[in-house]
């Protein structure tokens, strides 16, 4: 049976039709409509296209299917990976920072209505979907106690415990981006101060790099060149470019977010004690430039570090597809349960 | 079937013979021997006494038993609640801060040998045992996602997730006393700085109160009277006494540990999202003097507090027996499994 | 003898012709030109107008002058209060955050050249001028050890020691806005983190208020009304308006900057031990709404507070004229020296 | 004319008879009596001995004197360097942490009475005396804006401004050991938290080293050997010994206090902008082991570091005599004034 997965962010909706082994066999990508009813309608539109693909057999080749697989080729479930807080029944968006109208919005209900109740819909937080995707088909395979951290615009987190997605009592667990790292620290958009994502994210990378440029103008030649002479235009990709060239200020910026990444993992281990951390998100593309300082500082700050095994820290494997893959897989579980 | 539970700390060993509903029907209390072999022997000695009690029927009345219960009155398992780190198979002490020789010490093996392998032995961290005790027979009944925090000399933690004790990959989960609250904060005995237990514990209560006495000698009359004029002799019980009398500096000290208790719970909720916090340990005897500021600061620092249910925060019910009760109950599970 | 004073900021130049008792008898206000040579020329233009006023006797009435005063009515010195770092000889701008071309710019030389060397020019940091203005003609009169803090867009500072402006070895003393209050705290435009002005300034007031609106939407009605429903448009004047109406979130924002203001003064007293703090800048217009929490927290954090006199904390009196008055007065001293 | 200088600490009184160029020509050292009247008497006793030495000509040879110098060899003034807070008139101890009875104690009066009013007495804070000693006869010669930091049991500070000792309005200036470095940081004996001396002092060195031993037992062999296997017995001299041998944990401990020393100097420069820091106290005997990281971190945290001269950072020269030398010199000034 196929599963249809959506990844709904503030600016775009990605979708993937997945075969029964969670391989993405067809993809869509559209801008996120402003109105929630239009989001529902857009999802329903893609659903009808996907259904047509399944019925026409257009999906068989892609999944290397046979007559047997064709029999199983209908869409059995829809999984929506959503940027925001999801209620514990996985049906309602309680709050989404980038989609204001998703405030106590019954997304599973409205989408099910929009598709004529042809198949069940499950909604899950996007970081949770990505974490589950890495666990079932990525770097986390076989690690029953695993934590995903996605270092993107912000910092997302997901927890796998005893081989299951850990959601907490109210579906809000794993918000590692808002663990307080520094009392009275950097002002966070959530209204608190010192949250982890202020120190570990693409935004943080830019802030650390801009700070370095202002402090050490004599050493900032390459970064200033890359940003066209205006430090406010300095972006993560430029810093990643410079660090590959050996630029010391770019290295400083990665060292700092790596240091804080190590610190937040040490905090997480005091609570969760996982065997594995999987680091995802665009920033991890630099590999050991980030993971090196992250590992060193994890060791440095891990409580009782001399008297316990240390969790491994690896880069994610499923990349940007992790959310779709995880949403597809989870949607199957839910409808089976 | 009875279970025999031990609570082994740095200075004393408490033991309790528990009936099949985890009620303690006989108790022991001895000083902790210095040598680990002597600890094993002391446990075995109590085991033999307990076995004698069971065989003589001496336990029947206490548990309101009948002939039927007498049939079930043998000792089916031993549970040891130990102050230190326990391996994930619940058989070996990897490290114990107060019992130096318990370093990779196979406690379950040595005790089983000492009792002639008459019944199986399970070892678990003391805070975990207390947390489980509160979950099965105390304030946590019915709360599948619960966190215990024991505010004693230090700060212990235990996590209940989906109705099970959450132990992590290596048995080290729930060390909430060593979550880093303040980078470069107060020096902790664990070798790190700013650990939660430096701000939330009986020791912290004393440090905050002594600070207040030094800052505000004009208002310190009652506390100085209680400690005999030497602020270094000021103890938690005196501060608790003074706060009941309305002393403002004692109130300050409780406000501070309450504030930090609220902060660490807010941190824990970002990760674990439980529905309930149970606060145990000697310091919680003052009740709302501590829990009031703890609740206020939990609300103040909880991420997305306006968009989620807030966990309840209550005092523990099982008191000092929680560890024995939890160890007894867990030992039954393990041997059944 | 008259003195002509200028206050050069990033967006506007204010000027004042001062009589021999530092009273401003004529004023100018123009936008700050982009090019430094144009700034020089603009200053020279105002100088010629002022000279004309003096020669025409146009200044006599304003200062209640007589024939005698007319004799003394020429311009004896020019004082420039400049937003930026000034060398210790008070002649060169080493760095100005808002006027990029003022980088090792010999401002006194270029202005003296532009006015045909008709009178001497002194340059001083703007906070230092304001501090001196408050000392000679404002709230600081008679307090030989005084510190000025101006809570405006940022946080400026000036130190009076033994009745003289304390400038340090290199002219950079008194930068209290960049004392590190929080290690790893809020990112500062200077490239460091946790600087005092990130917590004590009009910008900080807005950040604290926006945080409160995000955390407590249920209580944010009045502030949201004032900012037209967009919290990013919330400005200091709206928060000041709301606090006068008793709004609790606006009060929170003032409490926070007041708390940090108290903390930074406690830090300053450990070093400087002044008898008086004068608080200036637009934010202080709310009076005790800010000064109340500032005083409480100064007392709370002052080292050895029970064993020393506590400095007084008062609002500035000379207001926005303090910089011009101070520049005028200082320019006289320098040329006399 | 000779000056007689005393350095009164909690455990011992050192005294030195100084010639007219502040050279110490005779020394005394006695335990500090418990009772303040006994301290007065002990000082008077040494005064009489010193006077006898002067009258007998016993001091001539030491200072290379001649008949002329004998004429000038009486004792013209007494300077007392005292561990505690001194009022601004330099006559009364307002508070001394280690001599409880010196609470509003008129020390200059009582000593003058004890010596029959034969010569005037000046009292000054011990760090101030040491700072002045370094300025007039040590590493600070010629630096009109200088800050002394003494890294001993605690952290003392003294400020030289425009060639004069800066005392503030109430005589309490220069308490750099109690600048708040970390909000909610390590508990300080003064009743506050996060004071600089908790991170920069001999005590801090020991705490950092003990932390490292606990965190990294595998690398702690040499330090454990030096402290006889009990980390609580680890002392500064052992850490200094180990660092000379290249021990990495000892290096860590010096790196940490060096880092914080750099940070507190960066803070001090934002306020005071001196041209020179002189680092005294027992801990500085390791030289660049401490001063290297101190200089690096000063540069790292100095505000506007790219746009200003950086103060020099050097070791003290006058050593333990700085306090006596400074007290002698200051006492002459006061009596002359």
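Order of writing sets the labels: A, B, C and D. Residues in every chain begin at 1.
In this section, a residue touches a chain if its C-beta (ideal position, glycine included) is under 8 Å from a C-beta of that chain, and two chains touch if they have at least 3 such contacts.
For reference, the UniProt names are A, B, C, D = ROK family protein.
Nothing here was measured: the structure is a model prediction, and the numbers come from that model.
Ranked by distance of CA centroids from chain C (ROK family protein), the top chain is B.
Counted by C-beta pairs in contact, the busier of A-C and C-D is C-D.
The distance from the centre of chain B (ROK family protein) to the centre of chain C (ROK family protein), each centre being the mean of the chain's C-alpha atoms, comes to 56 Å. For the pair chain C (ROK family protein) and chain D (ROK family protein), the distance between C-alpha centroids works out to 36 Å. Work out the mean CA point of chain A (ROK family protein) and of chain C (ROK family protein), and you get 47 Å between them. For chain B (ROK family protein), residues touching at least two other chains, in rising order: 181-184, 190, 192, 215. On chain D (ROK family protein), the positions that touch chain C (ROK family protein) within their shared complex are 85, 94-95, 103, 143-145, 157, 159, 161-162, 164, 166-176, 178-183, 190, 192, 195, 263, 266-276, 301, 303-304, 307-309, 311. On chain C (ROK family protein), the positions that touch chain A (ROK family protein) within their shared complex are 181-187, 189-194, 199, 207, 210-215. Residue ranges on chain B (ROK family protein) touching chain C (ROK family protein), taken from their complex, read 183-184, 215-218, 305-306.
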